[in-house]
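There are structures below to look over.
Note that subunit A is present in both complexes that follow, paired respectively with subunit B and with subunit C.
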Partner chain A sequence: MNLLLSVEGVRVNYRTERGEITAVRNVSFYVDKGDILGIVGESGSGKSTLAYSVLNYIKPPGKIISGSVKLEGVGDLLKLGKEDVRKVLWKEIAIVPQATQNSMNPTMDVKDHFIDTMAAHGQNDKQKILETANRLLEEVKLDPQIVLSAYPHQLSGGMKQRVLIALSLVFEPKLLILDEPTSALDVVNQRLIMDLLKALHQKMGISIIFITHDIQLIKGFANKVLILYAGKAMELGDVNEVWNTPLNPYTIALLKSIPTLHGDVNSVSGIPGSMPDPYAEITGCPFASRCKFAKPVCFEKDPDFLEYKPGHFSACHFSKDIGDNYG
Partner chain B sequence: MKYGYILRRIAILVATLYTVITITFILVRLSPYDPYAYFLSQEASMGIASPSQLAALAEYYYNLIPNQPIYIQYFQYLISVMEGNFGHSLIYPQMTVANIIATRLPWTLYIVITSTVISFFIGTYAGQRLGYKRGGKVDGSIVTFFTVLHSIPIYGMGLILLFFISLKAGLLPSAGAYSANVAPGPNLPFIISVIRHSILPISTFIFGSVGGWTLGMRANTISVLGEDYVNAAELRGIPTSRIASRYVGRNAILPQFTSLVISIGFAFGGAVFVEQIFTYPGIGQMLVTSVGDGDYPVIMGITIIIIAAVLISVLVADLTYQFLDPRVRK
Partner chain C sequence: MDELQEVGIQAKTSLLYFDNVSVHFEIKGMDKPLIAVDGVSFSMNDGELAALVGESGSGKSTLGRVVVGLQKPTSGKALFRGKDIYKLKGKAFLEYRRSVQLVHQDPYAALNPALTIYESLAPALRRWNIVDKKDTRKAVSSMLEFVGLRPENYIDKYPNQLSGGERQRICVARALSVRPKLVVADEPVTMIDVSLRLSIVDLLLNSKKQFGTSYIFITHDMALARYFLLKGGGGKLMVMENGKLVEMGDVEEVINNPKHEYTKKLIESVTE
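Up next, the complex of A and B:
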């Protein structure tokens, strides 16, 4: 009914000289219409790879081994041919990539980026394109008079970020993926972008997937959160529910690692150890070696990603106990 | 663009040219051969005995008086060059150096520009294709081929073509700009003859430079293909052909363009070898002949033309680059 995107069992491998590594391990999640889903994870946890596999845009040596990505009205994106994927990109799903500072052609001005993008999907009416560009640039608080004829090197980092957000909205896609949109910006610009996205979400009703390693950004922004660890989905659920009653030891450890403004600094604790070696074969749960709740079964069997409460999923053998006892 | 910048660049060009003229003047005068002594003895043997008559003759032809100290001659030469007067040839006293250059330069321009443009287009096209196919089997073997081609010096390439195509196979003429039996003018036999005679010199230039263009464009293409804006364009659903031209090609060609303009200047230097090998009547071949004859007004004139070509092409490259790359616009 309300389901917009459902991702099931996506697995992505990278072939390297030292062997094959798994970047995304059978990840499943879904996005309802109007959702803002935050995807959180450490660097190297497979956040970006997961986002690009949703777009069926994994370049060699990476490969999508299995899974399905069903988008409402389109079908399974992973089954589409290259040309069909091209038509879906930007019209149905748009992404603002992580490297926004370099995501514009240095020899094209902003106006040409709009024209090129819209012409690629059959909109050749220059007048209409310029109207759209004007409207969207104003939407992201930029002056179209100045920005449209500017080249990328004449824009600041925050301006480029906003131009790319405006560019991602030209077809009002059903789903907008933002890959660490604020990581390269200072806190003032971060705030500006976050407020902007919130306003756009309310105004256009667009669904958003928001990727970040900054778990605090999620809290006030997203309504759902997906927590990734070493390419595995650890927990998925309503933001407040996950915050208040987490079902997964990794989430608990992650939340404990956030310093608060007023709280005691000593109550903040890091997670001992580091992410598993990607080349090593993991038999059990990837987090087991760092988990203080770990039991022998955790090293033998990889826990399934199960729904413990309505809309609240977790991958841990002991999620039920944790859910009963946390707090 | 600021006029101050252009003026500064032109001032640098003039200063460079002046330095080059000075150095060339000194180098030529250091040569042990004394063409004036030869000229004077020739004239003397023809019956002009009076030293004052000889001096007047020398002044008429060469704009300078041989008995004067060398620094006076130097200043006189500088002044006459500024007036556009390069003097007379010592070997063909009835011809001015400017005349000689005017009849020779078009042939050099013809082969240099034609070959550079053809070579640039072939190399740029092949380079982009190879960049897209990087790492494959085709890429490896073609890169090796172009590297070998690029390593053969231009005179070696000229001799190879002359020997096999002209001497052994007899497919194309080996010397001159056109056959003796066609009438120069806008008629078909003459044009065909000119083209037939120019194929080998032009091919020599192309073979000598196409490897560089190809390898350069290939490297640029590979580097641009790794740029984020190419991925970003793909993610926006922009068609592959459009990305290849407007995103990859347009940015990869920028360094090539600068090289293109500059290489036209430097090809004038290469013309010395190629024209000599194919006895092609351009300024390069004239330069070699003049060096043999010790005809230094001509040597000086042609050297100045070649240097000026290099300097002007560098200036043109600098001034036009900003039209291609918005990042250097002022």
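Up next, the complex of A and C:
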């Protein structure tokens, strides 16, 4: 009823000269209508690949090996042909890619970006396009009078990011995916973008998937969080619940690796070791070699992603013990 | 000598002494220069820790470059051990060059991709005669150990075989290998994964503990600046806005009781 997107068992491989690597390992998650889902992962965790596989938009040498992505009212996007996927893009799901600083055409002004995008999807009425552009630019707190005739180089990083958010909303998609939208911005602009997205979410009722390496940005913004490590979904649940009673050792260690403004500096520390080599075959849990809870079973068997409490999933052989003792 | 008397005893005894330092950049087609650093004054003693915070464009990196001798100030005094950095010559200049090192933000750009780790680290040791030639490999190995990398796994590798975190450890090893008195670390963990950041910050602090290295830690992250200073036994927080040092003081005092509006804004923008 409330379900908007349901992703199940998605696996994505990349073929490279040195062999095949798995970027996303059987990841499952879902988005309800009105959700803001934060997808958190470090570099190489597969978060961007996962986002693009939701759109069935993985280009060679990448390949979606298995899984399904069911969008309410449309069906399994992974079964659609290229042309049908294109119809869904922008209108049902829009994505604001990473490195937005470079994703505008330097030879086109902002107005032309709106015209180009909307014309490509069948809207040719210039008057209507300009009305939409005006309204959306105001929505992202930009002055259309100035910005519409500006070229990308005349805009700051934060302004470009806001133009692209406005552009992604032209067909009022049900789901907006943002890939690291604030990573290239300083803290003050970061806060501005987050506030803006929150306001858009409330006003337009749009659902959001927010991809970031910075778990701190998620709190107070998203209502749900999915934690990825080395392509594997480690934990999924309500943000506050995951924060206060995490069920997965990686989440626990990750939360402990972030210094705060007022906490005890001796209670935080980095996670020892490093990510597994993507070319190495992982038989057990990908986090086992860095995990302080690890037992022999962790190196032999990859833990399943299971629901331990209503809506709270984790992939760890010891999530039940952790849940009993931690909270 | 006259200059020393002029600026007083503090200038003479400090490791670093900046008085009213400004950096202006002339930009083609603009009638006014861009003021990157605007009348900054501060000093640092041996073994002291400082963190420089501010948002992008506030002038943090330019100030850092003045400290390491890469950016001559337009006006003001920049003294190292009582002597003007930009007037140093001969042996004194070389000694300064060795004593003050820089760790860059981007570990992907800071290592020559055509050189092995050994080839990247050895020249600095040779250049400053830190060890006998025959002991160079041993010295490189012990630096790798210091930064938590097993020498046999890394010494003959190329940068492209290493992750960002490993590369940054190599950069730290290189900077520390010449036994500097002061290291300017410019956003050293910004490009590093969250789970690895604190281990690298701790590495810098280890050298402070073991060798008394002073640090200017440049970051946009107030909480990280606080971690660096408190974990290192305390130090001063310097807040920069539009080229000006708008607030400076003990880190706990500044964070718990910020005086300047800009400092308050930076603190508020940290999510907890």
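Everything that follows uses one rule, which is that the second predicted complex is superposed on the first by the 326 of 327 C-alpha atoms of A that agree within 3 Å, B and C clash if a C-alpha of one lies under 4 Å from a C-alpha of the other, contacts with A are read in each partner's own complex, and residues count from 1 in each chain.
The working rule: a contact is a pair of C-beta atoms (placed from the backbone, for glycine too) under 8 Å apart; a residue touches a chain by one contact, two chains touch by 3 or more.
Please read these numbers as outputs of a predicted model, since none were measured by experiment.
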(request) Return fit or clash for subunit B versus subunit C, each positioned on subunit A through the superposition. (result) fit
(request) Figure out whether A:R86 sits in contact with subunit B (first) or subunit C (second), or with both, or with neither. (result) first
(request) Could you say whether A:L254 touches subunit B, subunit C, both of them, or neither, answering first, second, both or neither? (result) second
(message) By the touch definition at the top of the document, which applies to A:G75: first (subunit B), second (subunit C), both, or neither?
(response) neither
(message) Tell me the contact category for A:P276 with respect to subunit B and subunit C: first, second, both or neither.
(response) neither
(request) Examine A:G284 and indicate which partner it touches, taking first as subunit B and second as subunit C; both and neither are also allowed. (result) neither
(request) Applying the touch criterion given at the start, work out whether A:H262 contacts subunit B, subunit C, both or neither, answering first, second, both or neither. (result) second
(message) Quick check on the superposed pair: does A:D116 touch subunit B, subunit C, both, or neither? Answer first, second, both or neither.
(response) first
(request) Report the closest approach of subunit B and subunit C over their C-alpha atoms in the superposed model, as a whole number of Å. (result) 10
(message) For the complex, give me every residue of subunit B touching subunit A.
(response) 227-229, 231-239, 242, 246-247, 250-251, 254, 324-327
(request) Can you check the complex and tell me which residues of subunit C touch subunit A? (result) 55-57, 163-166, 193-200, 202, 220-224, 226-227, 230-231, 255, 265-267, 269-272
(message) Touching residues of subunit A toward subunit C in the complex: what are they?
(response) 42-43, 186-191, 213-217, 219-220, 253-254, 257-262, 265-266, 268-272, 274-275
(request) Over in the complex, which subunit A residues touch subunit B? Could you list them? (result) 55, 57, 86-91, 94-95, 97, 99, 102-109, 116-117, 120-121, 151, 153, 164, 167
